[in-house]
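Each chain carries a letter (A, B, C and D) given by its place in the written order, and its residues are counted from 1.
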Amino acid sequence: MLAYILRRILLLALVLFGVSVLIFGILMTFSPERRAATFVTSPQQVEDIPKIIKQFGLDEPFYIQYFRWVREVAKGNMGWSLVASRPVTEAFWTYFPITLEMNLFAAPIVILFGIWLGTISGIHKDTWIDHSSRIMAIVGWSLPTFLFALVMLMIFYGYFDLFSPGILSDRLNMFIHDNPGKFYRYTKLYTMDGILNGRFDITLDALAHLVLPVMTYVIVVVALNMRVMRSGMIEELSKDYVITARAKGADKRTVNLKHARRNALLPVITVAGQLLALSMEGSIAVEVVFNRHGVGWWLAESATQLDMPVLMCICLFMGLVFVATNLTLDILYAYIDPRIRLT
Amino acid sequence: MSEHPRWRELKFTLHRIFRNPSAIIGFSLLFIFVAVALLAPWIAPPKYLHNPYLMPHKGFSPVPKAPSKENIFGTTDGQYDIFYGVIWGTRTAFKIGFFVVGFAALIGIALGAISGYYGGILDEVLMRIMDIIWALPTLVLAMAIVVAFGRGLDKVMIALAMIEWRWYVRVIRAEILTLRDQDFVQAAKIMGVPDYQIILRHILPNAIYPALILASMEMGSMVITAAFMSFVGLGAPPGFADWGQMVALARNYIVGPPDNPLKFWFTIVIPGGCIILFVLAWNLIGDALRDAFDPRLRRR
Amino acid sequence: MRFVTPLTQGFAEGRKRKNMKTLLETCDLVTNFYTYEGVVKALNKVSMVINHGETLGLVGESGCGKSVTVRSIMRIVQEPGRIEDGKVIFFLDEETQRKGIDLLKQSEAFMEQLRGDRMSMIFQEPNAALNPTLSIGEQVSESFLFHRKREMYQKILDDLSSPECRVFPPLKRLELFLYRTAVRNPGAWTLKFFSQIPFFKRWQKRLKQEAMRRSIEIIGKLGIPHPVEVADQYPHHLSGGMKQRIVIAIALACNPVVLIADEPTSNLDVTIQAQILDLLRRLKEETISSILFITHDLGVVAEICDRVGVMYAGNLCEVADAQEIFCNPVHPYTKALLDSVPKLSTKEILKNIEGSVPNLVSPPSGCRFHPRCPYVMDGCRSELPALLEFSKNHFVACHLVGRNAAV
Amino acid sequence: MKRRLSFIFILFLLIFVFHADAQIKSPDTYVLAYYRTVQTIDPGASYDVAGSCKIWNLYETLVFFDGPSTDKFVPLLATKVPTLKNGGISPDGKTYTFTIRKGVKFHEGGELTAEDVVYSFKRNMILDPDGGPMWMVLEALTGHGSTREKETGKIIEGVFEKIDKAIEAKGDQVILHLPKPYPPLMSILCYASSSILDKEWAISKGCWDGDINNAAKYNNPKPGSEPLQKIANGTGAYRLKLWEPAKELALERFEGYWGPKPKIKTAIFKYVKEWSTRKLMLQNADADRVVVDTTYVPEVRAMKGLKLFEVPQLNFTAGMFCRRINPTGNTNIGSGKLDGNGIPADFFSDINVRKAFYHAFDRETYKKDVFHGQVVAPTSPLIQGLPYHKNVAVYEFDLKKAAEYMKKAWDGQVWEKGFKMVVTYNTGNVMREAAAKMLAENIMSLNPKFQIEIRNVEWKDYVVQVRQFQYPIFLSGWGADYADPHNFVRPFMHSEGYYGKYMALKNEEIDKLCDEGIQTVDPKKREKVYGRLQQIWYEDAIGIPLYQQVIVRAYRDYVKGYVPNPMFTDDNEIVKQLRKE
């Protein structure tokens, strides 16, 4: 077990190195001029591009620049983000909680709701329940997220003036900023902090701003989970031990929920893991539309404006998340499925 | 019982597939799309012969015009004829799907099969590489690649293909690892059948189903991803007949003027609907395939 | 000049003659499977009888509907199978002795009460028959939790109320209260309520412990070394034979009246097979009254069965005492079946049966065996022969026999 | 099931909680939703509209534009505006004298002195980061466009001494010494880069320590490392409350302000990229004003409860012909020869080609369709709102004429062989996209042998490509730094000018006129010079004037007090003049 984890950590190192080299390599395909141009914000400034290239040594060979970058990172300096116009690490820690918060609400709903739907339609295979719920899920799945998000925005915010976009309404935001003494940012998550500080209005307000993003995200993503769960259920229900259980005198409910579902859950765990690992890019469109300035939004901005340090930072982070999730998943697996032993 | 067993199997599978209502819906939808794609030049004769994917437009006004006689689906931002765009967009959609999936599947299956079959150091190395590739967030990588190699749908397609192959490696390899040690493969080995034949004749045909299912699912989702790229501004240029691009172009008209918020419904509903139906079709087919192929769900 | 009677009366008389009580009886059982290929007519009016204290063997080629028969009896036919017609009459206990209960007419709930309690089942494939993600103990104790709740409640109550049991008083008072209500009626809402609340739902802990204790006990009875350890192991830790014993343990947990063994030994190697058979025989003497033993292995039949039913393509074609069957089989199929078994005594080469089991989507008209029957007559093609008493306690469904008997 | 129900339940609960108020949300807070990111609020470094317009609220300059005017000024931190008449400007136009207002407080409590003013100018000039705004002041006060040489990036020796001499304090007076007369100086002094800092505070924050000898090490910091990037301490009516870059920037009323007390207590500038979102915020009065692209003007017109201002801008966009395209590895000119599938590198050096393209551009449709008539169709870089502007002739839309010129071009070869090229615009700019397409389609309609492909390129790629002479035609614009013809004529027409260079213009007359125009003070003379220049633009068909934007500012109708001024883009907001009622 321990050896296993250790090996995984080694792997992590490998992954991070690989990822960084890859992304760096891709970004290096730009001409130095182009990369210098990222610092330019108005036509007048274009004059200074050669100077900028000099200043940052953008015309030096790949490995030199790469190692310069590594050295900086080792010093804990991930670079300067133009999009956020502040150091990348600092920016990351301001944006990350926003994305995290959204996913903290979305993920459980996605997973549980998906499992629930999957179980239902698995049990009632080929009945109208099955078909309708599947079609529903797939339709959700086939919606382009940004489109759906905009529609949601129009319906709720446009018609009913509900759930305004953003993260927190100005009044409260200003309040928080005005008296940092009264409102501690323990977790950086507004909902949590609101509770911890006994300011439930803030929690509620934050929730109100979360409703639309979470809803959109859930409806789009749930299909993934539901599908796996469904086929899992169908498969398990066809197995012999189910009959054994029936022969024991187990009632349908017990058979479905205790015997079949337990086994059907295994593949779902994997999917859930993927969801977790991908949640960040999953939230790009949502964050852009609902004007939540989280990592997803930052990513979109940086990718289009070619904010290299940001891309690097986020890719590395995602690599980290990915490996970490897989590790936890494997452990979870071993816990749920007695047949698996980690070696 | 004289016919070849695999052939019988196939017939049986098809039989199963078409018992499944969702499959019927899926295939009929797909059929319509294929027909439209093939007949595009006759349904909507192109204006610029050197590039039929350029949507014709009268004037430049950004304000969409409601459906009328000359353009039956109305015009979108920039006065592009939605009807034309939808028709030729079908081709684009298929292009994206087939290119990305085909390319990715080819690489993925080849690599997966080889590393799964031979295992050993080769497998080890490939798996480590896979670990790295998997750790890369799809969209980020896609964006980076596109920004690096320039905008445009072709770039998006290349970028996606360069990422998606990892799925097929994973799927195929998993299948092959289970098949590799089974008796019929061992038998073939003992009989001295060359490896490539074993892989092609004995293993792949049994391992291919998950890849097929995956492929059919991806055919749809790739279109969505491409649409997303257009949304971020990295996809097809405005005026290019591509559903995703049209949706992205129309996104500022989802919310109409307050007195009549649905004024511009057609700009979003028509191309959006196309995307949804297209993806829906492939997904339904994918589901049907899964139900049909999955050996554990069969014969019942 | 012998008087010919249809099966049921025949047995009615038979019962009068030597007071052998019928335990379970199926009449014209019809089960179909609605598959994509079409309707598989798996059972075609199967009628048979299991008496108290006897072991009935059911033999036939694979796919002839043996398993379907028993699953239909227990009403656990899986999708897309459906029991279309017929009766399954169970003579459960004294008051139902006269006219038994038709299981097919009972509610699902009733069946759930019955299954695993009065009638239970052993399965062909021990590896598949156990839930891989539940511990052995859990799986065995389930049977108790389903059928022996009240009894266990009672026991726990006694233990609790006995002075030497030490529990934190208020908790004890609560538990006492709960278990009393439980004994009075297990479905009381208070129990449901308490089972929902996080902390208090632990009141059922004792019940689980009790069930576990019992299951360990029964596991031990079945001759499994250190049952305690085994109880919290998982199926994949055990060997095939062990698993099969566990399956049997599950089946016998609530010592049923009738045990249905669906090819319990066919996937085990010979030594284990022998052990399992011994085990069954022993159990038969001790606990269970009757066994319905399905197999395609005539040797096994000869070893443990009192009576034998031969099935072909969803029909019961011959029923008789084991001796009778082996000494003078009547139905051509039975003959063929016996010929195809190697015998030490004779040197003759084995005969095999021409053709194969017919596809039951479109079964042959009339007698389903006629395409393979050496003595086929035109009557066979048209109508299905009824199961008639050929000689005492020897029933055959064949036109030949009908002819002979008539003469 | 339970889960889903509870989810829906929460949803409805929230609906009830938050469906409360609909009228003026928070009367003393002003919210502006826009979509340009602020890089820095250091007056010496900020050179983008987004940044400078925040600075105008935080800091103050000596003088400022008088209401809507671009060439009349009101004193701000100076007691009066220096002119030739009141002797503030010396007759030779080389010295400017300002008397500093008394009793002005900085946010952090410091008192404004002449010393502060002197320090501020020097400090900013010394800072002079790459791509910064300081070139204007530097050019005016030292004659150098930068503190560093263009190519090498080395510091020009003696430049700091010049800076040191250029400005001095006498009691409560500040005197600027110019190397030569510089007419636009006054409007440069209004620009954010001439804001006044508090000397002590600035030094304490790590700015230039006031000793000219170690100026060099304060010169040209890396982006983001300029000391005042995130902090501000000016005399402005508002102090910086919070700034989360690329998210929001909040201003708070400075109670110790010397002038009349502003009505708005808090002003929030929100970064909202998605138009639909911005629009809905305006519609629901969650924003008091949002930045509206010309494209979407009809939508805000349709909205109720708004007050719209149409503000012509001091900016100019043109389609410019590159007369010496760089053929190496250039995919935009096809074969690079006049053989029917390409164009020669000097294709546009033939005036007939230029005129043909000129005639192929349909100004009327362009105006009507793309701008809903909401635009000034300029005739030359010297646009409306600038002094000495006059309407010169333009080549009207006329495909026949275009065809004729094409026939003449390259003595007929163009017409018979045809050509093939790529015209690019920068991604997302609808106006330029339309222009490019219009040109291309009209030209292609002249002759099937003409093939023009339209491509879109990310703006930053675009500028880089332009600098490498990659594009035969490039569409680009220029916004006013200060309201003087020089700021427009030079970049577009001078052979050394920003665009002139990349059009490969070579015309001694133009260059002469440009330099003359900037060095003469006498309005009469200047008028002649700039009149001539505008004429040349037409005669030489230098470029196709596309548009001079008229932005539409969409306020909620309860916001009062806005005074339009062409100098300010729609990101800008002088908050102190606003009130909600």
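Remarks
FYI, contacts are C-beta pairs under 8 Å (C-beta built on N, C-alpha and C of every residue); 3 or more make two chains touch, one makes a residue touch a chain.
Source: prediction; values computed, not measured.
Compare each chain's C-alpha centroid with the centroid of every protein C-alpha atom shown, and the nearest one belongs to A. The interface with the greater number of C-beta contacts, when B-D is set against A-D, is A-D. Averaging C-alpha coordinates per chain and comparing to subunit D, the farthest chain turns out to be C.
Computed from the mean C-alpha positions, the centre of subunit B lies at a distance of 51 Å from the centre of subunit C.
With centres taken as mean Cα positions, subunit D sits 45 Å from subunit B. Per-chain Cα centroids separate subunit C from subunit D by 90 Å. For this pair, subunit A with subunit D, the centres built from the Cα atoms lie 38 Å apart.
Residue positions 274, 276, 280, 283, 458 of subunit D each touch two or more of the other chains.
Counting only residues that touch two or more partner chains, subunit B has 147, 233, 251, 254-255, 300. In subunit C, the residues touching two or more other chains are 78-79.
By the touch criterion stated above, subunit C contacts subunit A in their complex at residues 71, 74, 76, 78-79, 108-109, 112-117, 120-121, 123, 125, 128-135, 142-143, 146-147, 234, 236, 247, 250-251. Looking at the complex, you find that subunit A touches subunit C at residues 125, 238-241, 243-252, 254, 259, 262-263, 336-339.
By the touch rule above, subunit A contacts subunit B in their complex via residues 11, 14-15, 18-19, 22-23, 26-27, 29-30, 131, 134-135, 138-139, 141-147, 150-151, 153-154, 158-159, 227, 231, 234-235, 238, 278, 280-281, 284-285, 299-300, 303-304, 306, 311, 314-315, 318-319, 322-323.
The residues of subunit A lying in touch with subunit D in their complex are 31, 33-34, 37-52, 54-55, 80, 82-87, 91, 94, 109, 112-113, 116, 150, 153-154, 157-158, 160-166, 170-171, 173-174, 177, 204-205, 207-208, 211, 215, 288-291, 293, 301, 304-306.
Remark: subunit D residues 1, 3-4, 7, 10-11, 14-15, 17-19, 22, 26, 29, 31, 37-40, 47-49, 130-133, 135, 148, 150-151, 153, 222-224, 229-230, 241-242, 244-248, 250, 266, 268, 270-274, 276-277, 280-281, 283-284, 286, 458, 460-461, 463-464, 467-468, 476-479, 481, 498 touch subunit A in the complex.
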